[in-house]
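Following this line, the structures themselves.
One chain, chain A, links the two complexes that follow: it is found with chain B in the first and with chain C in the second.
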Partner chain A sequence: MDLNTIGTPISGSFHRIDAQAKVTGRAEFGDDLILTDMLYCKGVYTKYAHAKLLSVHTEAAEKAPGVVCVVTAADIPGAKQFGELYIDQYPLVYDKARFLGDVIAVVAAETQAQADAAAKLVTAEYEELPVLGSPKEAINNEQVINPDYPTNVCGGVHVIKGDAKAAMETADVVVTGHYSTGFVEHAYIEPESVTVIPSRMRPEVTVLGSIQAPYNLRITLHRMLNLPMARITVKPSIVGGSFGGKIESAEALAVRAGLVALKTGRPAKYTLTREESIQESYKRHPIDFDVTLGAKSDGTLVALHVEALGDAGCYINMSPPVMYKTATLGPGPYKVEHVDYNAVAVLTNNPHTGSMRGFGTPQAIFALENAMDVLAAKLSMTPTELRRKNLLGNGDISPCGHKLDFHEVSIRSVMEKAAEALDFDRKYQQYSKENQDPNRRIRRGVGISVSMRGASVGADGNGFDYSRALIEVEEDGSVHVNIGLVDLGQGLRTCQGMMAADMMGVTFDRITMGETDTSRSPSTGACIASRGTFVGGAAIKSACSRIHAIIAQALQIHYGKSVADIRFSNNRVTFGDVDIPFEEAIHICYGLGMPPMAAGDNRVPVLNWDGHFGEPFYTYTYSCNAAEVEVDLDTGSVYLVKMVGSHDMGRAINPTMAEGQIYGGMAMALGMAVMEDLGHNPKTSAIKNLNLENYLLPTAMDFGETIPIIDAHPDPRSASGGRSLGEPATENGAAAIACAINHALGKPGCIHQLPADLDRVFFAANPPAGKEGR
Partner chain B sequence: MQVRTYIRPASLADALHTLATVEEPIAIIAGGTDVLVYAREDDRYANSALIDIYGLAGELGQIREERDDLIIGALATHAAIAKSPLVLRYAPILADACRSIAAPQVRNHATIAGNIANASPAADSLGALAVLRAKVGVQSPEGQRELAMDQIIARPYRNNLGPRDLITYIRIPKLEGYQHMFYKLGRRRAQSISRMTLAALLKRDSQGVVEDFRITVGATFPRPMVFPDVDAMLIGIRPAQADLEAVAKALSNKIPEIAGIRASTAYKQPVCEKLCLRILNNLLGGDQQ
Partner chain C sequence: MSQVQLQFRLNGKDYSIQADPTQRMVDLLRENLHLTGTKVGCGVGECGACTVVLNGEAVTSCLVLAGQMQGADILTVEGLSETQIGSILQQCFVDGDAVQCGFCTPGFLMSAYALLLHNPHPTREEIKVAVSGNLCRCTGYVPILNAIEAAGLRLAAEGK
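On to the complex of A and B.
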């Protein structure tokens, strides 16, 4: 069967449209671009994590061989800061350095080697300031990172539903625990690279490179380089992974390279080495949690109280919306009437933290699910028994007050499928028994975790959750789709094409997906928040409907008949007794001077959420991960024997690619759970593990069996039926793995700090004398 | 990569001549899996003559027997050693160690002499070579000599070779009738810098009396170590559990003794003891867990 020519393409496993170019090496990534006359940039980093910058000396670098110019913050014609929601990031240090990834000058030269050599000649004078290396130290410290936030607290969200404090008193069992997570690097395989090309005609630039959010980047260049937005064109290259990481990171490079391009009139490329990428890019928030969870003796949850403290690093970046997701999604897919969830982010001199796959939830789910296991143990219940008792169902109220009566609340089915695929309940009993034997040094354990994920941004993003697409049907009946939601490597472009074919009523081979180009694709929100398929599909559907209306009007004129029952399907247009090929209908449109073109748009409805009740999100994906591990008590090493990722993403537009997302999500979760560690020093704010030799990611050898499960229930709130998978695929995986390790150790909740590396697991299994584990 | 000159000798004789005559500081490169990484970090070779001997694998890459010894050419790759029938027969512990290094790309390219000369304390082959009592054949314009494993490395990333010395082979006495165990503890299962390695060889007679025993710990000390005092604890006896526990204790006590008390000692010392006991039990067919 040729998938390209069958009707109703949604839910077919089409080959990715970029597969051949990528596997043959022909796809052009950011740094592949080479232009005549191009300059190469190199940044000079601050010497201190926190210091007033008194002066920068660029003279020696300017005289070095091949150097064309050196730019500093003084060269920025417009605003000195940028940011998506909070304008506080400095692409070049202006007054003071706030972390070790801040750049004080950029050298541009004829070759990269010349730029690298000359960058070493830039010197500066500083006045050192005390370094705030942790949120606890930074709160209310007399040293203030950003004067607009005098306590260094830069935002937070406090969910209050019911009266958690009073309700906790009525609980039969109350468990408490402290949990914490570390910095996690996105570690996209392609480090950042941006090229800015100045126009030869007028003050205008075109920006290419590995860019996740082209429209946001345009706003930043507009504000900082004083160019009208209409004179900034952004055309992302093939992006080699992003996971939320190539938004502000790419914008900082675009500003620096843009200064060079405008100053010299020559194209300027700025590519980071892996070390520079890890040094200056933002990370996933480390978050500390104090969890109190109360239940009746039958396991019914009564109240949840969480105090969460996130490390925002030196810039606010996305911290407040990240805390929003921590607080609103952290309580999990459970029926719990009384919730007090306070998530606060604090500025420090650490690497700043922002968008990263999960956006505040992997940490929160790790904390909550471990607390659930501690509670289950106290109640002599198994992890699945306690969860079954409390999972949400149709019509229930979510922990944040959302009445879930608009779609199938499938978390029970999703969890049971995962539990069954892992054989969780049997293994839980078997391993619990086996692990009683003290001579058994290699122990097995199973863990399970559940989550609900708001699709797209939530009520905190009211107003900017829109999407648009431009579709033009050419005279031969081929369809050109332009959409600014960038394919980051996950296969989004292929999904969009499949949805366009389905919604237009043509086969997939008729669809051509344009590359994102801000001068052709209407502005749309960024490909963030697991929204690319969800809101992109809605914009495509809107455009297709408008094109159908144009075609219907033309056919009515042409045939002089009613088109009330017009249908578009499988390359045919039918109404009344007329049944013509799609291309014939298009030919008629062109003949009448009515070429079909339309911009489609979609706005997520304004969500009303007051911190207690309402709609914190529009709709949700339900997910469960179940993991089985082997833990060597003598070394602390953990091996992932088997992992199941079960998800209801509404509808899998392309099941093979959906499974790919699930596999990748598990890999990211394993990294966070057991090995990824920046080697951050809280005294100096320095990072030790600046490359992938030292910052360890899992390899294929670190996985046993992995099983993706798609348990889809199409969502009436989605144009395609599909919701989100990008973040759900990874968000609760680390929790499941940590729970499994704790089961193997026979001590629920005892691994309370991630990553659960060799040392932590070893000491949890072999507590030093006098320090018996919890 | 910046170098003063790049020289690719056509033969071993040519290489020795080059070593004798070149005036710049000398950097010898074989597979380059370490040197090229260092060159990316800084310009440390900018004033050096880079002598690339990788093309001499015909002369220096062979694995052969020489009476009671196994001779492994300096340029034998880790992959070649791991699958060599001679190594598998007479020194299988070295095959295991070579198989545990990095990932296939590196194993296919990196050479055994390079692993020794680089002198990383975490180099996986060194522990196996130490218990095998390997000798390293070194040639220089002055002549030829052999160095024991604990003599060839001074401290982390510093070998005891002179600038005009060239490792040409590794000599390993053939062993038969031995049990062996190479254990690598890493933070992940491939592409992993070892946290600790243990290498052990054991030979018993038909009565179960230990004729020979050798054990060492890698990725822990500044240079490869042999511990005749620990080895002697089992030789000549039919070990009981208490003897194995004593060996594990003695071996793990070497960590603070030699490396001093470091932040990692709290982890490494007990882990070494537990792993040592587990390995000894495995070798003696006792408790498998």
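On to the complex of A and C.
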């Protein structure tokens, strides 16, 4: 039996299996859960961004109407901190507050209104500490945020390949530039909501709600609430968008609601308002970049040196792995022999920063691609000419020392398709010429950006990149698939179902995808790092192969003949001269006491990467965005006229849903590029824009045309041929838009800070007297 | 706040209930009537997730007081399937993959319903304006606009 050729090619665009429930309002999201006897929670935030907490007074709140209990950090029976990789986050302030999103107490009452009112009665005494509002200020400051990190530096990755310094001396042209990006909010439309239901039988809880990483949440509750992991069941509700954001944010709520549930024996729901969500949830890292890029006069890149400084905020969260991706993927899909890329994250009293779609790369690509345009201008080349000269091809060594000889390195084709769809080269020439006219106040510009994205976690995550699935074939031949990789709205469940149907050799209607339930689906890591399809597919394939082996064994016993050539396809099982329906084969299995059930597993091979050479990732998705903008010099406003997102994700399991990812990725990139700004104050660490009336998201009115392109080349390193798309869809979009704005302004690299909002673009177009724009 | 008797028509049925007229309409729908298809995303009328149709107009129910429901004819996502426009819209959203996480979906459907009620054959620009008060973070809007456009065409084909 050749397990590599089972099944038929995955095909078609099936409707999402949850779409009907979502268009009728029946889909149950976290806050939709209503239980009798349920309590409602409300958090009380610290008054100061950095302060020792001397005492908390809850007595008045406890006596308020409807209040059942108030909990503080003193009520936590186990560890006081949690975290995925670094255990340093406080869901309730214990010794000191570290940012304005820290919570000092939680009030639980019979109604939300009663909890809200009583929360105002909680008071506290603090001893204020100096606030560190920026990484530059925090590095080596005598004020230390976490005593384990005395310099406030909490992690980093330094990629060194060749000798960038010496090589830079040999370059004909060297460009330098400073680039920086701000905080970006995930802005899932559903604010976080978690409900913890205590068992009536024994110390045990069930957790529902907007949860991206159920197994991580279970570990956190185990550590903090002193419950055995086997007595913590996590069943995520339908999740209203996450983008990396509902991991630690959900865990903090689960700990707080869990304390209430265990103390009262009643279900406790904890839903955040939008303001609370923006106040306490983690963000995309703001990163400052100093880029030095050298090339020969013919455009051949010689050396890249980048110093990147990321703001980790008050908790380490995912900062070290984020810096890993900044440093290993920031150098782009280019042939460059000498690389020195140093990415460092620093603790501050700002909102902490962690997983967000892109994970450290949108910022780095913005910096590099603008530097590429500055270099192109200096060499009198166009942006596409310079990129064509340097893009990777089959067998080339990546900037981080990975020999790419195991799949089609398609970035050239991916870029050409995007450039063609936008008519980039012609428009670049036309607009460059038109923009010479000083009387033209509405300028047009085009920008292009490229990237390679490591699928799943990289060598920094060696060991925990595994996946598992449990599949059971019922007596009627229907197939129940349980997998703990949560559908976050991207359609993962549908994709998994399609892969399961293909790999089992049955039609899609035979597959039932179980809702994620940690008591039924074996632990499988989280749906992060664009790994859901990639590693989920491999676990499903493994389980299907094991089930096929069980069926084959049963049929061999039943028929008493060889099943060496057994095949499973389109609801039929065939071998030798036998050709029977799948359900008949299953019936035979049950009759022999061999019901087919199997857990499948998959481990991404250990990756060897030494900081210079090796495999920083297992495989890559290649992407290009091309954007066209109109810039009004008199107002500073930017309109995205057209944008093309071109991607090689290996294989699009469901092409329609893949396009949906690309459309959404472009809109998210537009927000980061021109409008999303938290209004963070580096003196106080306060956020001004706490709701969507001033934290602006793109609407349907804010852009013209967006075009997705799928340029797929199946990957031999993937069970399904498919790789990743979630993060590639957005990671280089902001770079393309910024490059287009700078082209319109006639000054490559001129906008060097995101977002390129009205003020920045206006002053870049109209520099104050005596201050020429760069 | 004291309770009053509120009478209104909701999803084609007549209601007469005791409720606090100063509570938000969205809370009355979700908490009193357990109609949780209408979502709360921001509480300030910016995201549109709580959009319902009140006397034929799309409104953000987080900015409407329960008292304003007195005597009104209201449609929420739970009642859409019973209407011709609504069921066509739902089918077009499913067919066109206009739904990802689905949290914003009820709001978009209700804005689109109000649009098609008054203007069965809208232009692309009119569709964009009609849903400009609805935020979506997943789809990049294009599949949603396509779905509403397709619904308009299907309505035309069905002779509306």
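Following the convention adopted for this analysis, the second predicted complex is superposed on the first by the 764 of 774 C-alpha atoms of A that agree within 3 Å, B and C clash if a C-alpha of one lies under 4 Å from a C-alpha of the other, contacts with A are read in each partner's own complex, and residues count from 1 in each chain.
Everything below uses one rule, namely that a residue touches a chain if its C-beta (ideal position, glycine included) is under 8 Å from a C-beta of that chain, and two chains touch if they have at least 3 such contacts.
Quantities reported herein were computed from a predicted structural model and do not represent experimental measurements.
> Looking at A:Ile586, would you say it contacts chain B, chain C, both, or neither? Reply first, second, both or neither.
So A:Ile586 meets neither chain B nor chain C here.
> Which of the two partners, first being chain B and second being chain C, lies in contact with A:Val68: first, second, both, or neither?
neither
> Using the touch definition from the top, say if A:Arg274 reaches chain B (first), chain C (second), both or neither.
second
> Could you look at A:Gly664 and tell me whether it touches chain B, chain C, both or neither (first, second, both, neither)?
second
> Looking at A:Ala598 after the superposition, I want to know if it touches chain B, chain C, both of them or none. Which is it: first, second, both, neither?
After superposing on A, A:Ala598 lies clear of both chain B and chain C.
> Using the touch definition from the top, say if A:Ile316 reaches chain B (first), chain C (second), both or neither.
neither
> Name the contact category of A:Met701: first (chain B only), second (chain C only), both, or neither.
both
> Who wins on chain A residues touched, chain B or chain C?
The larger set of chain A residues in touch belongs to C.
> Which chain A residues lie in the overlap of the chain B contact set and the chain C contact set?
693, 699-701
> In the complex of these two chains, what residues of chain A are touching chain B?
439-442, 634-637, 639, 675, 693, 696, 698-702, 757-759, 762-763, 766, 768
> Across the complex, what residues on chain B touch chain A?
Interface residues on the chain B side: 37, 103, 185, 187-193, 195, 266-267, 270-271, 274-275, 278, 287, 289.
> Which positions of chain C touch chain A when the two form their complex?
30-31, 34-44, 46-47, 49, 76-78, 80-81, 89-90, 93-95, 97, 99-106, 109, 127-129, 131-145
> Which bits of chain A are touching chain C when the two form their complex?
13, 15-16, 18-29, 31-32, 34, 186-191, 238-243, 273-274, 488-491, 656-657, 659-660, 662-668, 691-693, 697, 699-701, 706
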